[in-house]
Amino acid sequence: MKPIKNPEEPLAIWSGQDYIAGEIHPSVTAIIRSGGCSWNRCKICQYRHERFSGIKGDELTRLMYAQIQRLKEQIEKINPHVVKVYTSGSFFDPLEVPKEIQDHLIELVKGKTLIVESRCEYIDAEQISRYVSHIKEGGEAGNIYVAIGLETTSDKIREKCIDKGLQYSDYLKTSEVIHKAGGKVKTYLLHKPPYLTEREAYDDMITSIQNIMPSTDLISMNPCTVQRNTHLETLWKRQAYRPPYLWSVASILAKSPAHVTCDPIGGGQARGPHNCGSCDGMILDAIKDYNLNADQELMLSVMEMDCTCKNEWEYVMSQERSWSMPLTR
Amino acid sequence: MKPIKNPEEPLAIWSGQDYIAGEIHPSVTAIIRSGGCSWNRCKICQYRHERFSGIKGDELTRLMYAQIQRLKEQIEKINPHVVKVYTSGSFFDPLEVPKEIQDHLIELVKGKTLIVESRCEYIDAEQISRYVSHIKEGGEAGNIYVAIGLETTSDKIREKCIDKGLQYSDYLKTSEVIHKAGGKVKTYLLHKPPYLTEREAYDDMITSIQNIMPSTDLISMNPCTVQRNTHLETLWKRQAYRPPYLWSVASILAKSPAHVTCDPIGGGQARGPHNCGSCDGMILDAIKDYNLNADQELMLSVMEMDCTCKNEWEYVMSQERSWSMPLTR
Amino acid sequence: MKGVEILSRDGTARYGRLTVDDTILNFPSATDTTRLFPALNTRSGTNIPPIEDPDFVSRFLIRDGEQPIPLHIHAPVNIQSGDTVITPNWHTLLSRPRDFCQLLDQLKASTPPDTCWYLPGAALPENAAILVHAGFDLFDYIATDLATTQEKFCLPDGQYPEKVMEEGLCSCQGCLSGDLLLHNRIALDQELARIGRRIRDGTFREFLEGRCRTKPEFVSIMRHIDKSDRMEQYCPVSRTVPFLATSGDSIHRVEVRRFADRLVERYIPPVADVAVLIPCSAKKPYSLSQSHRKFSQAIGRRAHELIMTSPLGLVPRDLELCYPAAAYDVPVTGYWDHEERYQITNTLVRYFTRHPYRRVIAHLDGDARIIAQDAADQAGFEIEFTCETDRLTDPASLQALSEALSGERKVKSHLVRGMISFQFGYDLKAPNLEVKGSYPEQVVKRGRNLYFSTDPAHGLIRPTFEGWSLIETGYRVYIDEFVPQGDILAPGVIDADPVIRPGDEVLVIGDKAMTTGRAVMSADEMIRSSRGVAVRVRKVKKLDGQ
Amino acid sequence: MKGVEILSRDGTARYGRLTVDDTILNFPSATDTTRLFPALNTRSGTNIPPIEDPDFVSRFLIRDGEQPIPLHIHAPVNIQSGDTVITPNWHTLLSRPRDFCQLLDQLKASTPPDTCWYLPGAALPENAAILVHAGFDLFDYIATDLATTQEKFCLPDGQYPEKVMEEGLCSCQGCLSGDLLLHNRIALDQELARIGRRIRDGTFREFLEGRCRTKPEFVSIMRHIDKSDRMEQYCPVSRTVPFLATSGDSIHRVEVRRFADRLVERYIPPVADVAVLIPCSAKKPYSLSQSHRKFSQAIGRRAHELIMTSPLGLVPRDLELCYPAAAYDVPVTGYWDHEERYQITNTLVRYFTRHPYRRVIAHLDGDARIIAQDAADQAGFEIEFTCETDRLTDPASLQALSEALSGERKVKSHLVRGMISFQFGYDLKAPNLEVKGSYPEQVVKRGRNLYFSTDPAHGLIRPTFEGWSLIETGYRVYIDEFVPQGDILAPGVIDADPVIRPGDEVLVIGDKAMTTGRAVMSADEMIRSSRGVAVRVRKVKKLDGQ
């Protein structure tokens, strides 16, 4: 194990803008190193390498507290409406994020919109409603969004392709719990985990979006990226995986009955969602715009553009089979 | 130099039948080892290896006399009408065939038809008429045929392709000399010396036969064969020569305005005149019959037969060029 | 109705017939497999990569009981003769030649030979030959159609940009009508048709030698397969066509390795304590060449004649008719590369270590001479050289060769014993056999009984029933209680000597009859197959009263 | 009107344009030559075999002064640029590869390069590639038509019996209409069109590697040509396409030999007394691969990194961009054949003899390790091995490598000097040059002046005028008194450094202007040609006041 550099700094922290409920708000995002996801089995996840390994209890609290201090400075400086704190795991898992840290963070975001992520099993009605009321103490505009990595509404795909240890029914229950507790739900979908054809992955997203619309307040779709030291990377190196085409990503966004935000990490690169290399930039730009303006016309117009690789994508969409895939790299 | 085996025996001696002037006659043929051809330069000739090398004068006379004795025995046994004595050179060259041997042979064939061969330069009017009258002493039916290796009536071809050291005009003069002396003329033609396309060789024979008809009493066409230790063999080994097709041979015989005898030595073999191997035997048999019966219908019917190689021959006949030959092996 | 019959083999490549319901298809070929096998359309969500861990495979592999049956190294399944199998997603293995070959060998070993192997999504004109060589039979148009969408013009020598379509590189229907998809499919069909023709002609390997040069991976696959036991099993013992050694890979062919191994391990040389090494000739069999006539004349049977040659290494005179000694042709430039030198030296060392001679005379020049000297040094024997001028066939050199042998006794020739030991691994000890006929067509008789004849077209000895009675063991095929009508079919075979390879002369033994003939399959294939001719029968002898 | 222009070259093969009266023909191609050159119809009785003695030739060779002009080794004739020449009856030489190549080299040496070479009666789909490779441009349909009369179905991989026409091996117009003659002609046309495309793409050799395997003679011809000076002259210094080493013959390619020769004879290594031998990587340039990142990290610039590889032998880190080091791909099986071992050992011995190091560390395994040890033994130096486990990239092995270098001083890198010495045979002694840019795209500057840039696509260094001012000699082309408009054409070239090969960076010098650019021809061809682009111009600088 390499020693962690700067353990008292967040893994990343930045300010930007977020489109929530029809409006664009200034935001601060912090990726916080935590005790680590307890599940830690997803085939596509690299974050298990970005945890405090073997550090627990008071020392963990101290190091996370230090990171939160940096966030605090940013909040004070920028005064964002939205604060997003990601631990690459479950914010509500006390082994991962000690209770003191959870409480401390809530204090910092009173009156604001807080977004944290968590697996369903750590979400407790009572705790959520307590946090909601704490936040609302700073103003009625404040709230908490709990982001859940549902990834897909297909239990079959989630089990085989991601190994997430979650059932769709758990998600539905949890969503109800959060809403009843006054919180809001953000749902992550994963576009094209391994073992799916381009078409299967596409259809899975379309179906999943339709399914979850009644249960979620925000939808974020992550086109799958090949991260280092994951099982997915092994598959990718063995030619067994190809990230989704940006055509697929754009097409899903263009077709979606709800606004779906999307940040194609590694977009245009071999390990990330990509097309042929010549049209990638244009599509990535359009997606970035769409994230903020929710203008679906934009995505529709992207799909009307042409590129030499579009025929290839259409062919892959129609002809790639479970027993003959991936057809391209 | 290997020592010669059985120097007192002819190289070969056999009896058979010959078609001369419309009739079939019993014949004896002897190939006699002599002092050797003085010219000795023809590209296609191997006989220079079948001579008494370095043996001259009395010893040569003795050895040739011994061979003639064997011929005498045959003549006495069979009493043929025709006697053919070949020395692979010039019977009338005294350095090759000593005068005593010439005279001795004449004695043996009185009243018969003697055929000997000679280059033109050794043919002398006086000598011929003396020999003619000697032979006729044995009966008016007796005569002497002097066989001349004209090979072709084209001086150009004879010079370039054979290096014979003979002009057509010499031949014409000599033929007149022989006829005036009361002798008869047999003319050898060589079908397809090197450096000629199949067509050029074919045309050369057709022309030559037409040209010599007034000057000769018998015509014998030899389809060229690759004999060992000749310049022709060198060319053949370098793929630069292909013996004539039997189709060409048959076609010439079928078209010839005079009866032309023909003995395709090595017929059907790689070194001799040949076709594809499957039709060779049939054509060779037909030629053998035609030699004796002069039935040109037979040769015409051969040319109406078919074989897989006939297309190839026709193609070679029409398309082989001086700068792109031989096309086949 | 389903069925698979292998009609011809050339090494690991096969030509055959697939029957699916009313459709009859000769393979290798490409087709719309989803039409032929509708089950393929209902297999969405079934993806398993070829390299996945056993646990994942056992949890997620789905079997629908339909054809084609998916194969996976971690999912053993009982495959029947006549089944069509599919290797899902194996096109992704093509860039990993070692894995591709190793996994394929494993799968092939556990599957009956008379099955049809479908490799999806992989076939292109450029790789069809190597895929068929690997043992695949059935393909689809997925890869060619994909190439079409990528504006690639496919040919057996690789892919070109679509624009070349106007340059006359091809003039198929697709090219004439500007239809790239059609061209690419036709190009694949044509290539597969050529491959099928080559397999039936026994010249597929020579074809592959050229085809595989398009991509380094293809060469790697060929080299891996050359080293495999599977290729040794399937490689025929003889062919009636030339064996062209046109690349450095030829020396690693099974035929060459097998020749050397049999030379060292099986062959029994005549009783001779002097050996003469002479060079090969272009003409085969060597002894019909002018140079060999001269050598043999100079040697005058006073030594055992051994021909040194690439790629075979060493061919004793009495094995010169054996395949591929009489069938090979090789580019000659005068340079022997170091791989040739190494392999040939190795064969010489093995031979001379196994069969020491009192004297070894090398009538060789150039690199051949160096190789012989190397071998002598390594094997630890003295070698005498007899080339006096720069031409081995010069009278002076021949004279020197002859003089070197003066006083040596004549070696008793024994064509039959040598060839039989080589071909059957059996030491024939039958006295008074006479060899007759005009070389290379020879018959072996005793009195009026015919025992063996040479088969120069195949480079084999053909035993009669009497001949087989002298070869007491080996090369037997056992059949059930029936009198064969025509050829012996695979289902009729109960057992077979494991050494039997395609092309071998065999004796078929059953309760009701004995049969002589030539094996069409290897022993392994005869035993594991349920269809196809196992032995081409020459003669049948009913066994009375049994 | 007649004219010949060579538009592209790939080694000794050419693509060009022939003008005869109104007819314009791109070659290589086949045509009815008797229509193009009516004089051919009047040359009956002119036969002279290619191997005839000088006396016969001098007596019987007939010249009619018409095109195509017959060539014979014993009949020197003055050929002009733009002429079409014929090598009469040379189809008969194809079975004698040594003579064929030797005589052709002789004729080619005495004939201007920009002539069109007509080989009559020879071309078939199976031999077209090797004939074009030999340097022939123009062909006829005589051989294909002859094959038609012989009921042969011609394809690039050989001849088949006519009956295969029904089997779908081809689907050209001829095949569709059952016209064998048409098929055979189309097959030849197609093959020549493919060859022309390959020449223009610079991938002809890779094509030939496959095509030549059809007959041993073709391989012999290729091998003879590989060894010839002519091939060395015509073989380009760089290509922008992969260099596929897909057969044992690849190691004998001029590119490989030239790389080794320049490595030993030209290349100036950085000042370092420790060298580390490491294996190659599939990814090129090596330093972008994961394994090389690890090696370089462990080495930490404390040694000169030398990559051992087949077929190139040895590639110093600072030459890894040089063609074909960054362009080759080779089948990997783990087995290094003995010819590879021999050639690579040889290169290592030559290199280390020329450039001795205080320490040579080999971070190698398997056969590569054995080769390094052999080379060390032969060159007489000690070698240290640092592979601790069975994987060179294991932490333990990398650790051992790093520790072996502890205490060694850092080597000063000098990309430019190494590449320039290798490319131009010149020792650049210019201080204070700075290398900038993101590898492999590098520029060499001093202050704001640009001297050189790397050209990773070609594997070359590109000098600016300033750069050329630092390379004081060599690679100059001299032209007449004119200011080039566009590219430099061959007739404008007065002289050229004989070392120039196609693809070389050159400095063009004239009285009125200087030019930087890339040679399209070798020096020899520039000087002897009257048509065609000699130098592709990059920049022109007018010389004032002259």
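Letters A, B, C and D name the chains as they come in the text, with residue numbers starting at 1 for each one.
Basically, a residue touches a chain if its C-beta (ideal position, glycine included) is under 8 Å from a C-beta of that chain, and two chains touch if they have at least 3 such contacts.
Treat the numbers as computed from the prediction; the structure is a model and nothing was measured.
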Any chain that touches chain D and chain C: none
Intercentroid distance (Cα basis), chain B paired with chain A, Å: 103
Rounded Å distance between chain A and chain D, as computed from the means of their C-alpha atoms: 53
Distance between chain centroids, defined by C-alpha means - chain A, chain C (Å): 58
Junction residues of chain D, two or more chains touched: none
Topology of the chain contact graph, where touching chains are joined (line, ring, star, complete, other): line
All pairs of touching chains, each written as two labels joined by a dash: A-C, B-D, C-D
Touching residues on chain D, where the partner in the complex is chain C: 97-98, 155, 157-158, 160, 164, 167-173, 176, 186, 189-190, 193-194, 196-197, 203, 206-207, 209-220, 223-224, 244-249, 329-335, 337-342
Chain A-facing residues of chain C, complex: 40, 43-52, 59-60, 70, 86, 88-89, 91-93, 95-96, 120-121, 140, 142-143, 145-146, 149-151
Chain B residues within the chain D interface of the complex: 156-157, 160, 195-197, 200, 235, 238-240, 308, 311-312, 314-316, 319, 321-328
